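Heads up, the next two complexes both have chain A, just with different partners, chain B and then chain C.
Up next, the complex of A and B:
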């Protein structure tokens, strides 16, 4: 007799429904699993047979064929043990209820019939939440990590017999109690604050704009002026993750190979060292794993000492920055990962670091300075929205009264500005000003004549690219949003242009 | 000398098979066939019990110096049993539940012990 159980396998970060079809018929004892199983799935044979025996069911010697459909997707992991066992019990007539349509079942079996933890539980629950399948049975040991998943019924099973009894209507499986995500993450305290950085008001403002509108920011400045400190404190002004974002972040982290993971509560802040390789940054491997650009998804990618990175590695950033996703093609798989991050980079203006400084004289020759900054190509520079000088500060800045909890103030402004954008772009499937398509710019970023005139003059003078031109408008939009203004004004455009003045250095 | 030994073990084997038969009948098994032979091998007893057809391999031992009877059923023997059973089913066009069992008989100074192992093969052994 045939029974069909739904389960799921995870390829990259997308889950695919797998139909576990079990047929039991008379004949010489035989047990085969087909449908592109990997070694772990094939070994399920022994686990399932012995787990069924040790759960107190009659020994069976039948012809059992298990097919995992669709046949073309590679099935990985031990999570198919439980659905196969349930399928067999149903085909043998031990489970009378044959209606498994609304259930997805996952779980590894141990020989004594207990259901063991599986690595993919969270990723699968997230996927189901998207696909709208209402019930899932997961191992009880996975309870903690799925507690934030809302919208689906998650049942927990600790052994095979419980699940069989559940389908026979003899027992009730406990549901996972869902916690509200936003309540859990609201009270976070950082041990750093923007007020710890002396001076650098312009840089702080630039970072505020960058985070508010999702713009990429390049800080250029003398050694020790606080570039790295500033970037690290960006964490403290990031808005909270929404549940959807958190689930995606968690899913990606789990792929990266963290064994015991929980739902992320902080936006990612990735700070790879400049010795990083191409596949480290972009992702790679025979079976492509996510790289730093994907791990930084919905967070920050901070590249300190930008000029020290290998040029070919940096150039790889071009497409992920523009497309917000990257497709990695290797022999075994072709996987598309999201790369929706804000790029924040820091560099010195020249080898000695003091070019343009008011405090110390630069010792570099013009040629060596040129060669230093030329490491970063035009196309990559063109993708930054904000350029900001971070130079040495006056002594008086140390004496200034420090504004405590500066981060919290900035963060509030950022959240306000972001909410404004969310509201405005609700219908367009975008969240931030930086994601605005060119066609929408006229609609949302209308300029008055005076600002237009200013922008046109700057465009001519600085020989901007069309992309840079649009970026200025988008930054101006964010500045206006930070002031809660509906229209972009002259001063907003003027400020946005300020962040584009890089010609004297680069 | 050598022939005597072979004859002797054949007799022990046959004796064991008779004991197994008696044991099965006593336990309400219906004997269908004895010593079914084909080019794949031999099955000692084919019996019928509770809607299932059971293929039984009988192993008789007078001592356990060289391992018990059940130990001597190795992968190769399983293969022969399975193939013979397959051939039997194909020949007789039978479609019911199947089991492959082993009965181990130990003869020791007039004492007889019978052990019945059920379901010794659960998967295709090759």
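Up next, the complex of A and C:
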């Protein structure tokens, strides 16, 4: 007799429904699992057989064939133990109710019949929420990590017998109580603050603009001027994750193999060392795993000492930055991962690091300095909207003001500016100013005569490219949003010009 | 430093001469033209073999801007180290005086200074701190009788002739005009900026204005040509 149970397997970051088809017939005792199982799934045979026996059911000597359909997707992990066992019990007639259609079942079985935690529980629940399947049975041990998932009924099972009784209508399974995500993450405290960086006011402002409008930002400056310190504090001005974003971040983390399967509460901040390889940055492997660009999705990718990265590795950033996603093709699979991050990078202006410094004299020749900055290719530089000098200055030059909670103040402005943008671009499938295509610039970034005049004057003086021209407008749009202004004004353009690329340096 | 002098001299109509090499030479040509002046480049090579190759763009823009590129070599001749020194002879000969901003010990620049002395041209040197490797040569020249250059007015004092007077007039006019040109609201900011590189944090600490205001005013001053952006994100007065 045939029973069909739904379960799920995760490939990349998409979940695929797997139909666990169990057929029990008379004949010589036999148990086989087909449908591209990996070793863990194949070993389910013994776990299932003994777990059924130890749960108090007779394991009849029958001919059992389990097929995991569709047959062409590789099935991985121990989560199929429970659906296989339920399928067998149903085929044997022990479970009388055959209505499994509305349920997805996952769980690993231990030999005593207990249902054990599985790695993929959260990823699967997230996927079900998207696909609109209403009921899932998961191991009780997974309860904590799925507590934020709303919109579906998540039932918890602690042993096989409970599940069988549930389907027979003899017992009720407890549902996971959902918590509201936004309430939990609202009270966060960071152990750092922008006020801890003395001086470098312009760089702080540049980072504020970068986060508010999603602009990539390059900091150029002498060693020890605070570039790294500034970048680390960007975390503190990021807006909260929404539940959808958080679930995506979590899903990606779980694929990467991080052992902690909790829903993310912080935007990612990835800071890979410059020895990173191509596949480390982009993703790779026979079954491609996500790289740093994907792990930084909806957060920040910070590349310190940009010139020290291998050139071929850096060049790979071009497509993820442009398309906001990356497709990795390998023999066994082709997977598309999201790569929607803000790139913040820092570098020295020359090999000795002190070009332009007043504190220490630069020892580099013009030629060696040129060669040094030329490591960063033009196309990559083109993807930065904001350039800012971060040069160390004398201690007496800056104001030592203890402005506590500076980060919180900046963060509030950033959130306001982002909300304005979301509202404005609602119909256009855009979230932030940095994503504006040239065709939209005229529509959303109209300039008055005075600003146009200023920009043209500058355009001629500095011999700007058309691309640089548009960048200034986009940055000015963000500056206007930070001031909650509907129109770009004269002074917004003038400020945006300060963050352009300086030809004599790069 | 060369940038500053090139700009100042060009803006009052003085023609600059240099060798179109990488570094200081390039700055002199570039900033002279940027300030609307004319410049002369003396090449150590034939005109078919422009050296250095990267500066071919500069070569064209010097000509396009009404400047002059000259050489004493046949069109196909290539540059070599002897020709560099020979070239310096012409550089100093063409100018009315020689300005040296930096020279390391026994550098090619000291050869130029020697030529200038032989040709009877005054030599101006910008002094450096003792820990600056690239200032050993210039400091030594000052010790040996070169004129210490602390500002453009030092040149006016030394070279007193009819043409110089015109330049001095221009200089006075320029600095007066520039002050009239300060955009409204930017006066305080302009006065805070010194004639040496001034950091934005210094301005911020003195001026009680948000950084966004300061940034936008800096752009306005820069567009008027009143201040110059320096390497490392510093600003200084143009005059």
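Quick notes
The rule is short, and it goes like this: the second predicted complex is superposed on the first by the 477 of 506 C-alpha atoms of A that agree within 3 Å, B and C clash if a C-alpha of one lies under 4 Å from a C-alpha of the other, contacts with A are read in each partner's own complex, and residues count from 1 in each chain.
Criterion: a residue touches a chain if its C-beta (ideal position, glycine included) is under 8 Å from a C-beta of that chain, and two chains touch if they have at least 3 such contacts.
Quick caveat, the model's predicted, so the values are computed rather than measured.
Look at chain A after the overlay: chain B and chain C fit there side by side. Seen from the C-alpha centre of chain A, the directions to the centres of chain B and chain C diverge by 150°, a value given as a multiple of 10 for the model superposed on chain A. Looking at the shared chain after the overlay, A:366 reaches chain C, while chain B stays out of its contact range. Of the two partner chains placed around the shared chain by superposition, neither chain B nor chain C is touched by A:14.
Legend: residue contacts after superposition of the two complexes on their common chain; A:102 is shown touching neither chain B nor chain C. Of the two partner chains placed around the shared chain by superposition, chain B is the only one that A:61 touches, whereas chain C remains out of contact.
In the superposed model, A:495 makes contact with chain C only, not with chain B. One of chain B and chain C touches more residues of chain A, and that partner is C. After overlaying the two complexes on the shared chain, residue contacts for A:327 are found with neither chain B nor chain C.
In the overlay built on the shared chain, the residue A:30 is in contact with chain B alone; chain C does not reach it.
Contacts of A:452 after superposition on the shared chain: neither chain B nor chain C is touched.
Closest CA pair between chain B and chain C after superposition: 77 Å apart. Across the complex, chain A meets chain C through its residues 199-202, 204-205, 221-222, 349, 355-358, 361, 363, 365-367, 388-391, 393, 397-399, 454, 457-458, 461, 479, 483, 491-492, 494-495, 497-498, 502, 504-505.
Partner chain B is touched in their complex by these residues of chain A: 26-32, 45, 49, 59, 61-62. For chain C in complex with chain A, the touching residues are 22-23, 26, 131-134, 197, 199-202, 204-205, 211-213, 215-220, 223, 229-234. Across the complex, chain A is touched by residues 82, 85-86, 89, 95-100, 118-119, 121-124 of chain B.
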